[in-house]
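Look at the two complexes coming up: subunit A is in both, with subunit B in one and subunit C in the other.
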Partner chain A sequence: MSAAEQIPRNSIIWLLSAQLAVIIPLMGLMSWWMIAFWLLCAVWRVAMFRGEASFPGKIVRGTLVALGGLGVAISFSGLGSLEIAVALLILAFSLKLIEVRTRRDMYLVFCLALFIVAAAFLFSQSIFLAIYQVFSVVLIITAMVATQHSLYNREPALAMRMAGKLVAQAVPVMILFFLVFPRIEPIWSVPTNVPSAGIGMSDNIEPGDIAKLNQSDELAFRVEFDGPMPLREDMYWRGMTLSNFDGRKWSVGSYLTRNPGSENLAAKYELYGEPLRYKMTIEPTGKNWLFMLPIAIPIDSTQGSTMAFVQTEDFALRSVMALDRPVGIEVESYVNYSVGLNITEAQRVEYTKLPAGFNPRALSFAADLRERTASPQEYVDQLSKYMLEQDFYYTLEPPALGRDTVDDFIFGTRRGYCEHYANAFAFLLRAANIPARVVVGYQGGEINPHNMTLNVRQLDAHAWIEYWRAGSGWLRLDPTYIVAPDRIHLGFDGSLERDSEFANNKLLSPLFYKNMGLIKALRLRLDAINYTWQKKVVGFGADEQRDVLNDLLGGVTSLKLGILVAGILLIVLGILALWILRGARGINFSPEKMLYLKFCKKVSARLGLFRTKSETPQAFAERIIEKYPQSAEQIRAITTQYNEIAYADERSAANLDQLKAYIAGFQPSLARAKL
Partner chain B sequence: MRIPSDLYQKRYRDRRGRQGRRSRFSWRQSWRAWIDKRLPPQREQVLSHRNIFIFPSRAGLVFTGLLIMLLLVAINFENSAIFALVFLLGGLFVVSILHTFGNLMGLKISGRSAEAAFAGRQAIFPIMLSASGRQHFGVQLSWQDISSDRIDVAKQSERSIPMRFRTGPRGICKPGRIKVETSYPLGLITAWTWVDLAIDTVVYPFPDKSAGDPVSQSAYHESGMQERAGSDDFFGLRSYVVGDSMRSVAWKTFAKTGQLSSKQFVDYIDHRLWLDWNKTTGDDEQRLQQLCHWALVAEAGHHEYGLRLPSVNVPPGRGMPHLNALLSELALYRLPLKQSSGSYAGSIRQAGSPKPSVAL
Partner chain C sequence: MSGITQLSQESFDSDGNKALRTTMAAVGEAVLGKEDQIRMALCCLLARGHLLIEDLPGMGKTTLAHALGDALGLNYQRIQFTSDMLPADVLGASIFDRDSASFRFVPGPVFTQLLLADEVNRTTPKTQSALLEAMEERQVSIDGVSHPLPKPFFVIATQNPGSQSGTYPLPESQLDRFLMRIELGYPGHDAERLMLQAGLSGQHKTSVRQCMSVDMLIDLQDRVDHVKVSEPLLDYLQRLVDYSRTAADFAYGLSPRGTLSLLQAAKSWAFIDGRNHVIPEDVQSVLPWVASHRLASTNGTLSNGLSLVAQMLDAVDVL
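Entry: the complex of A and B
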């Protein structure tokens, strides 16, 4: 290897920092041993650099590759192909570290690093990651710059300054292309990054499921209202209805397999009043359910080619495609409605069906109560009253229930969470032959005062019921509201703040800290910023692009666009060229030389005498004086002063000022000379 | 002067060396003609847009491939952040064109002729890089298959890089165009130029060790010794001649024989060695190589030596300047001189070696 191809030390140091930086965001995805693997390679590289280790042989490298591959196969089995691809990338990236010998080899590592930076964006596109990755890119670029320095460069900061400058200069080009580059349809379908199981609502629930969901701080969706926000207690984000009960689990009914046309459905509901209009940005769930205020109707304009919806028989909205990336939709919700005024016999059977042999005490309790009440509505009221009067408690950590969940709950523990109440209530209604179903979705949400958006998180997950009444159709009933109205009024966080026991247990959980004043304010502020980012940047697709360009150009034509792009590019690059190349031309003269040249210019302009290239100032002075003796004194003074400064060991400011004054005072003119 | 022994084992390269290929590629010739016209030879050249070429480097092409891949990922995943990353990296690529160009622009390159070298060995040309208004990083010089390290030149400063050049056959060696290149700052773009600094050096014939010792080969011309009246060594007696110093009278002999005799003293100003073309064997080149070897041996000894070639005589002398002058005659023997300077000695002086020596 020639000296010219050796990798400078600074470059290795920067490369190691850059590698660490690009791995950190993927830390959660990787296993601990991969970090150790990288660390091993990094330590090896440093040892090689210090001459304490040599390049690994073929056998060592082969073994490492095999071990890494095996590790990935074991650790990542069952995970998506995307995760495996990224894991393999990181492995290659670590291994390459102990293989690079020449400057040219380094570029493969740089490219891998940049690819991993991009890969992290497949898992999150938040503004915080984006800012962080700019920093990662600067580090990678720094390593690249350091590679190009002389081997003996001992100023590592120099490379970083250059890298920062380069990235800053590249930003205008980036913005321009981001705005105008056509957003075309995906060329082929790709494995999508579906959030891992456990996050988001599933298609069936049993007691305890939603409590698990409520531990998560993760965002489910954001809502931006086009007008005043409805009251929190009215915000029931309705997802799916569960009509199948197998004794323990409530699951989605058979209506999904039937596929009613929406025109049929429209006849089955009546909507009153002005709708609420709002825009939702839904985080990917990997499922098709949408959570809306009922009855929601998507606005046509937002039904882009990529999003299509189906209204199900229970008036919920389903996306045709699974939600595997953040989507934005605009909907109108009619909160005053009556639906399902008439139900078929088949439906009545379905919504009152109970499995045999479960909850005998509850069944007899229901039969008893139904006998004592005159109408189904009275039965419901009596049941609510019963719940309110008996000592039912709302708690996140209810005791476990046995086989007969309703029996155990109603006559035993009496401590439960929303799904316990929904489960019991729906069961008791069905037991009295009243059509009922469990509804899952979210309740309330957190209002961010900075941008007036509503953030609905997994911890807002909720379950309630709907029952059918002749003449009114399906009605919402939230048993939790009866037992713990705070849960609805104040939201999940608010109700927990009072539950000191719960808070104490969770002293170390982020849920606890997220409610402390300053932190909460900061969190909301950051959240608002991130939302704007998500909306404006991450959500920048073909439609947004068209709108922006329309605003800018007043109608997009390819000619206008071409001129705009070429023009901006020329201006940007022109400015950059002037900036970058400015030092390249001309010579930097010393200040006294600059002053002297000014003097020479004066002489040439006014007296018509030019100093030749080889002429010393002294000789030039004599030549001028010969022709224009009247200025002799001034010219001699200037020349002497200049020589004094030029040949002095130290340049003094006073001397320079003196020279400046002399030259300023030197005002020869041909007219005077001729006199 | 030190001549490494391995030097003797090597023969200088085939004379055809650089000339042989010339006829094969006519485009090469026209390229040469074009570039000679565009970048004429000059001792000192300042790089500007006129003489800088620029193109993506191999790493740059790999990087472009990466950008295309990332763009496909961005399109397929409809991922705005990756789109932004691709455009940022693309912007970096574009910006780095300007930086790379600027890194070479304004750099002044000048060369000095090298000290003489033996045929086939390396001559060292000092190449000066001087910066004025800006710093230049990672500049690399190369010719033949020899490249310098990457050099950083600070603002208002000068760096001298000793560039080795493998010489061809004896005569005048012109290294021709030197490639000045840089990939700074990102290594994605390479800017370069080929400048002809109009530098040259003399290439002496490669010494032929088998020629042996010039003395034992009786290379002495005429009588190797010549006496002259002196005061050092007693030579003999002769009859007294009026005017002889009284101190030189051999009084002992006078006492014995009664005849006045003068003692004769002589100084030896001997060992005037003539390195003679006619004493060598073989073809012209072989003869020159033998003479070259003799000259080196003679310089190492205590003799004054001169050179006799069919067309040129160098009177005897000693010392490095003498040796260099003599070797230059050997180097240029019967070569057509196309140099503008004409005289060879002039060229050597231009080389300006402060202590004349043969660079090996």
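Entry: the complex of A and C
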């Protein structure tokens, strides 16, 4: 490679920094070895620039590609195809670094970088990432500008200013397109952001599952209430009910699986009072369950959107499609209700069924207690009382339980977490032949005072039970509330404030910092900003677009839309034109120049001929005469007169008047022109 | 070379103009098909400037210089520069005279009205700069005594393109001393045919009749000084110069000496055209030959002076 082809030093620096900038947001996705891989390529590149290394041969490159592919196959097995695709893209992006020889190769890398900037949005759409990516784009454009032009290569500040200018110029067009470009449903769908295993609720729980969830700070959904917010202890975000117990695990019942929903459910519940209205923004879970205040009825949510819901037999909501991207729905919840006043015999069997041979002590305890109580309700009350009076503790890190989980828990450890209590309570109710089921969902949430939204995170995950009482239907009962009312009143982290052991263990966890006042305030403020962004920008879909355009235009027609686009473009271009022409203002033209420009205007308007900048009056005259020979004399007279005045210093009133008269007498028309 | 205006006005000086026309015609008989270059050379001479002709060997550089000298009635000398030439070979030297027992100055070939410096880039920088100093000062200083050069003093230097071997390219600072640098180029088809036919029949003219006296030439030079220049024209000139100094592609712009040269050449061109005032066409006509050797591009060899001038003309508004 000769010196002339060598990519300049500054361009290498730009290239590396642009690469680093676009990789940073994806660091979380990349394995450590991929970062090392990139570093290796970067060091290699620098060494090549300094002449200490040579370009890798085909064998070396082939080996690196194979190694990288193998690495991705190993590290990303079990993850979605999207992650694998992006990982391969980053790999190729890194490897390209040691293959770049010419400027053209550089442009390829820059285009790839822009593509990766877009790819990062597949994993997060937060405003912070968006702002960061604007800087990334400016950096990439700067690198492009610096590579393009030797002056900009020497002056990084100039290059950056130029790139900033270019990006700024693109902004109005971007906003325009954002507002009016049709939101086309994707022809193919990217398998976006399916959360990795362990995030969100699964279809079954066993002791310890929710405790794991509770260590995650991740957002589950946000709620914006139309009216006042209900009390925190009333906010049970109900998901699915688990009716099938196999001795260790509660899972969605076979009854429910057989009857995933029916049309005449409305006949099976009675709703009282005014509903609560709220709007939910649900983070993708990859599953179908929705978590609502019961009994929830979506308002027109299917209108114009691809979301469709099914109300299940147990009055939960299921989305027909798995939630693989953020979804916004508006819901009405009737918190005063009675459901399932009558249950069938089959349902009764389903909800009292217990596996044989488990928890013998608990079974006899239940039989004993049931005998001593007059009614099922009294049994429930006595059971609650027992829990309250005995030595039960609420802890996130309970001891392990043996085969008979309920026996071990009630008569042994007595330390447990919400699912331990729900498990035990449901078991004991069923043991007394009272229909019962475990409900999983979220409890409470965090109120953001800046925008009055409720943020429900994974750490708000909760489990409680529902039992059936003749005449009242299904009733909610939260055994955790009996044992640890703080958990419900203060929320999850409030109840843990004294549990210093837990917090200390997780010095780096967001939970730890959550409790520090200033940081908490800052976090809430940022969260509010991000929510607005999510709602107004990321959530700006086809419906919102139609609404905005409707407000703006009063009924969308293609004509009105066309006028809007043209109008905005006209305004933008007009401002630009004013800005460019600004230089021409403020100059006082001499009178003969004014007259001559008038002549030029006449020629351009009538004959379609424009004087070029470099054209002298005489040369222009010749060109006009060629097209319009009829007035040759007049044109020559005007030109000569102008030349006399301007260049022979013959500026006198009489001469100017003469020129004026010549120009006034010049009346060409295209109809007679030589075409 | 284009832009010889057809819209000539009535001549304001029929005598001088007629003499100029006959001169051009006479030189044109010796150098066939190069009317524009002849006119440009004459323009340079009337503007009291020195002329550099750059082209390949055998293109008629020397013939043009000879013919001009003959037609204008100037006494002329020719120096063929070689690499072993010394300044004294050009300027002259003080020689000890045994009769008078004193030093006597023996003038060199530079003491003439028209000096033809052939292949000026074949000699060493030392000798080149001796000549170029004489051109600028119009006098020669040897041993503390100044010897003025005759009037008019006009140098036509020829050089081979820098890419040819065995050359010492003139540095920019010395190129600036030449008012114009022109190229002759290959003759046109008809002119070459004419030349071939004349060569066959042995009729080709080598000497040119005298068309003008030295006094007349000096008078014409004085009259060029009186050609009028208006404010709008100066505006145009300054816009051009400013552009050369600010545009990104220009490594450096025109020097003030370059600006003055441009104005003087434009005046001379207007005078040859028979006008007593300068119009933009005059500036546009002379600009390539006055400016191209004074400009350099930032991106090295990609564009030469002439393409820079074209860019300048395109970008700057005449009005």
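Convention: the second predicted complex is superposed on the first by the 541 of 675 C-alpha atoms of A that agree within 3 Å, B and C clash if a C-alpha of one lies under 4 Å from a C-alpha of the other, contacts with A are read in each partner's own complex, and residues count from 1 in each chain.
Convention: a residue touches a chain if its C-beta (ideal position, glycine included) is under 8 Å from a C-beta of that chain, and two chains touch if they have at least 3 such contacts.
These figures come from a predicted structure and were not determined experimentally.
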Partner chain in contact with A:Y647 - subunit B first, subunit C second, else both or neither: second
Touched partner set for A:F128, first subunit B, second subunit C, both or neither: neither
Partner chain in contact with A:Y393 - subunit B first, subunit C second, else both or neither: neither
Which superposed partner A:L581 touches (first subunit B, second subunit C, both, neither): first
Touched partner set for A:S150, first subunit B, second subunit C, both or neither: both
Partner chain in contact with A:Y107 - subunit B first, subunit C second, else both or neither: first
Contacts of A:F610 with subunit B and subunit C, given as first, second, both or neither: neither
Touched partner set for A:P172, first subunit B, second subunit C, both or neither: first
Which superposed partner A:F55 touches (first subunit B, second subunit C, both, neither): neither
Of subunit B and subunit C, the chain that contacts the larger number of subunit A residues: B
Subunit B/subunit C common contact set on subunit A: 150-151
Subunit A-facing residues of subunit C, complex: 5-7, 9, 228, 230, 232-233, 248, 275-281, 284, 298-299, 313-319
Touching residues on subunit A, where the partner in the complex is subunit B: 2-4, 103-104, 107-108, 111, 114-115, 117-118, 121-122, 125, 129-130, 133-134, 137, 141, 144-145, 147-153, 162-163, 166-167, 169-178, 181, 183-184, 186-190, 192, 325, 537-541, 573, 576-577, 580-581, 583-588
Residue numbers on subunit B that touch subunit A, as the complex places them: 48, 58-59, 62-63, 66, 69-70, 72-92, 94-96, 98-99, 101-102, 105-106, 132-134, 137-138, 140, 147-152, 155-156, 182-187
Subunit A - residues contacting subunit C, complex: 150-151, 590, 593, 596-597, 612-619, 621-622, 636, 639-640, 643, 646-649
